[in-house]
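Paired with chain B in one complex and with chain C in the other, chain A is shared by the two complexes that follow.
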Partner chain A sequence: MANLAVVGPALSKLELCDLLLDAAVELERSRSNRKFSRKPVERLASALSYASRPFDAAPQVGLIDPTFYDSFERLFRVQKTDTLESIDQLQAFVGEVVNELRSAEDGDVSSDAAKKVVDFCIGLHQELTREIEAESRFVIEDWRTSDIQASQGLG
Partner chain B sequence: MGKKRRISAGKEPIYIYVSTEAKSDFTAYAVQYGLDETALANLLIAREERVGRLPRLSKATLEPSARTEKIVVHLAPERRQRFVRHVDDLGYSVSEAGALLVIDELQQKWLERCVGIDSD
Partner chain C sequence: MSSKTGAHPTSRLRKASASHRLNAFLKQIEILESSNFPHPDAREALGKLKDDIKGQIRRLSRSDVSDEALIDRLYAQARNTVIEYTPILGFILRSTNIRNAFEVHFPLKRLAKQVIGANAKLIISSEWNFVPFTYPMTLPRLPQFALVGGPASESGNVLATPVAAHEIGHSAWRVHSPSFALDNKLIGAVDAAISANASQTAALVIQLGTGPLAVPQIRHLVFSNAKKQLEEIFCDAVGLYYFGASFLYALEYFLAPGGGPRSLTYPSDVERLKLLTDGAAALGISNSSPLFERWADSVAQSSQMDFITILDAAVAHLASDVINHATSLLRSRGARVPDQTKIDAAVRSFDGGEPIAGDITLGEIATAGWEIVRREGGLAEASKRRKYRDLGDLMLKSVEVAEFELRIARA
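== the complex of A and B ==
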């Protein structure tokens, strides 16, 4: 399971992916009336809540963590099939999921609501995975392991 | 020239090799749910960590000579390490374990039950 300590400003796309997958698996278990762990659900709720929190310096201003903005926006378009006109819509979209996750933590979520959240988790994970895949195509020259570094003073 | 290295050191992807037919079926299956094969493979590995199906699966379902198609999986470093340790303990390579999960999912259709119920 992803570590609670990572839920905060430094959360990476891979770490959020982990939280989404863990929560999706647990919520699916809850829908199937199997024993499930609330921890991953709680961690995801905290992470999403942080990623869509009000701007610290001006609480009236909405903020979506720039690391995840594009993924949230694409998922909004897919799942809401709506035009995104303001960041408030995006915050509300994520906020709905956070509320359902909080209800699930308390064991108080319907199968339909849990399914909506599982769909959100799997959909957002897909969007993040596409970005990670695209970013992973970048390569750099690693001179530290170069055979010629000693002779050319590049060490 | 220096050796090429991915920027995200420590976050190297996992490669799962499967047969052409399995790759094609897996991709088509994933697409039904708006996923690509990478996202679905990630999900299967997360589920494996939770429910541990691998010990119950038979390695005999793999055909080494026919596994030529690649599925790329991106995992957070900690989960990657846990998965590598898990499959190592079972005597599998990462690619073999991943291929078993892929083939098992094509037979069991967990995702279909997970997100497919009421999808219409």
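== the complex of A and C ==
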């Protein structure tokens, strides 16, 4: 569904949400031996590589793109048993999924591995959705629930 | 479980709900498409939203009810899409309302094209919301669109239009900020701010209680909020450049006397006004007194003070850079800061009861209008309200004449 010609600086949480669902639907189809499209899988691999890259600005400190840091971190805590102690662990966590996606693109992925990726997609979608919902997406202020003045400032 | 629902009854119903909600929304878009739009951009926005909904319906049809967890997420996505797009549809519908000053669309669209790019789209609408222009942020599905909303009561008021430039600035930021190579400098500024405020950092580390991850988290939070603050500074710089003193007067009109709670994504009120007045001086923009007098600074929550100290220090490193980027961008694209000679000529015309003709920008027209209003002490007395209304009409007529002359010259 998402048609992300170039995964790059404009990748948003909403776009990543779409890519996750596109890929998950196709991977589930492949698991049940239905005709499936590889394109969404390829797009997601590319998007995740981008989203988890050592941040362009400061590779020396390994900071993940701030747009996606919180979601990756929460998902790690949900899906992994290790204690999260460094950003490198987050990058490795996402990197494993990217590798599986690359294998799936080549038609070389077991049903179990595909299931693992689908679970990742579902989990990350849930985290991103939670974040999108928490942010005020369109109307910045809501006079019924928040202080009025804090939002004043012309958008 | 009813026998009719078969296996996976919840998924089956949830998938059906998603399908109904998306199709109902699609239908609503199609109804709106039959409206009369004064400008084509709104119709194009509807087309893009429609494509997205159709894509979701296609994706839903490829899913199987046995994939229960996935069906739940597909439903959540459909639900959130409808939640997200519903106010946009309302915005687009209200853009057709005749209370809007359709005349200002053309000059504002030109500004949008200048700062965003040739593909820029603009939708102006009136809102039932007391805070002006709260529909700003660029929407992922409509990246080239600037949505500018003003409170319904101000929709026909040309004096309020300067703040629209701030909103257009948000779309410009999305397009241009990567080329500013700001991130690298901002990380440096964040680190410098953390180092320079060691006691605040130590207090935050304790507050977070996340051990070795605390400092990266602080850096992440400072970085994210600082970037949003810099975006607001950029948008103010766009407004100031294009509308000159009228941008400052419009801010005073909408936001005085300050003193509200501090937002992490804006500079403090006092800092924001200082950046604006310094920026005006640097651009040679003159403004009349009184301006921003008795303005109370925004008040931070005590629990956020340590964080704000670091955040503001990081932003301070780069505020001037961002303002310079905005200025260079607009200058390179042929926008001009309001010219005082032209403003004076417009004031003379308006004083004589005539619209101004010739090469004049919306910023110059708005500034001339504000100069008269301010010179006359606000024009709010019962005996002067007629003059205030007439002035608005003269300004709108001037916008129309300028547009007409521009088109004739280009023909």
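The definition used in the following text is that the second predicted complex is superposed on the first by the 125 of 155 C-alpha atoms of A that agree within 3 Å, B and C clash if a C-alpha of one lies under 4 Å from a C-alpha of the other, contacts with A are read in each partner's own complex, and residues count from 1 in each chain.
What we mean here is this: contacts are C-beta pairs under 8 Å (C-beta built on N, C-alpha and C of every residue); 3 or more make two chains touch, one makes a residue touch a chain.
Keep in mind that what you see is a predicted model, and the values were worked out from it rather than measured.
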Chain B versus chain C as contact partner of A:Q126, first or second or both or neither: both
Touched partner set for A:D112, first chain B, second chain C, both or neither: first
First (chain B), second (chain C), both or neither touched by A:D18: both
Superposed model, chain A: greater residue contact from chain B or chain C: C
Which superposed partner A:E85 touches (first chain B, second chain C, both, neither): second
Which superposed partner A:Y69 touches (first chain B, second chain C, both, neither): second
Overlap of chain C and chain B interfaces on chain A (superposed complexes): 2-3, 12, 14-15, 17-18, 21-22, 24-26, 28-29, 32, 118-119, 122, 125-126, 129, 132-133, 138-141, 143, 148-149
Interfacial residue positions of chain A with respect to chain C in the complex: 1-3, 9-10, 12, 14-15, 17-18, 21-22, 24-26, 28-29, 32, 34, 55-58, 61, 63, 66, 69-70, 84-87, 118-119, 122, 125-126, 129, 132-133, 137-141, 143, 147-155
Contact set on chain B toward chain A in their complex: 1-8, 11, 13, 33-36, 38-39, 42-43, 46-47, 50-51, 72, 74-79, 113-115, 117-118
List of chain A residues in touch with chain B within their complex: 2-3, 12, 14-15, 17-18, 21-22, 24-26, 28-29, 32, 78, 112, 115, 118-119, 122-123, 125-126, 129-130, 132-133, 135-136, 138-146, 148-149
Footprint of chain A on chain C - complex, ascending: 52, 55-56, 58-59, 62-64, 66-67, 69-70, 73-74, 76-77, 80, 84, 87-88, 129-137, 139-141, 143, 163, 166-167, 170, 174, 178, 183-184, 186-187, 211-213, 216, 219-220, 223-224, 227, 232, 235, 251, 254-255, 259-263, 266, 272, 298
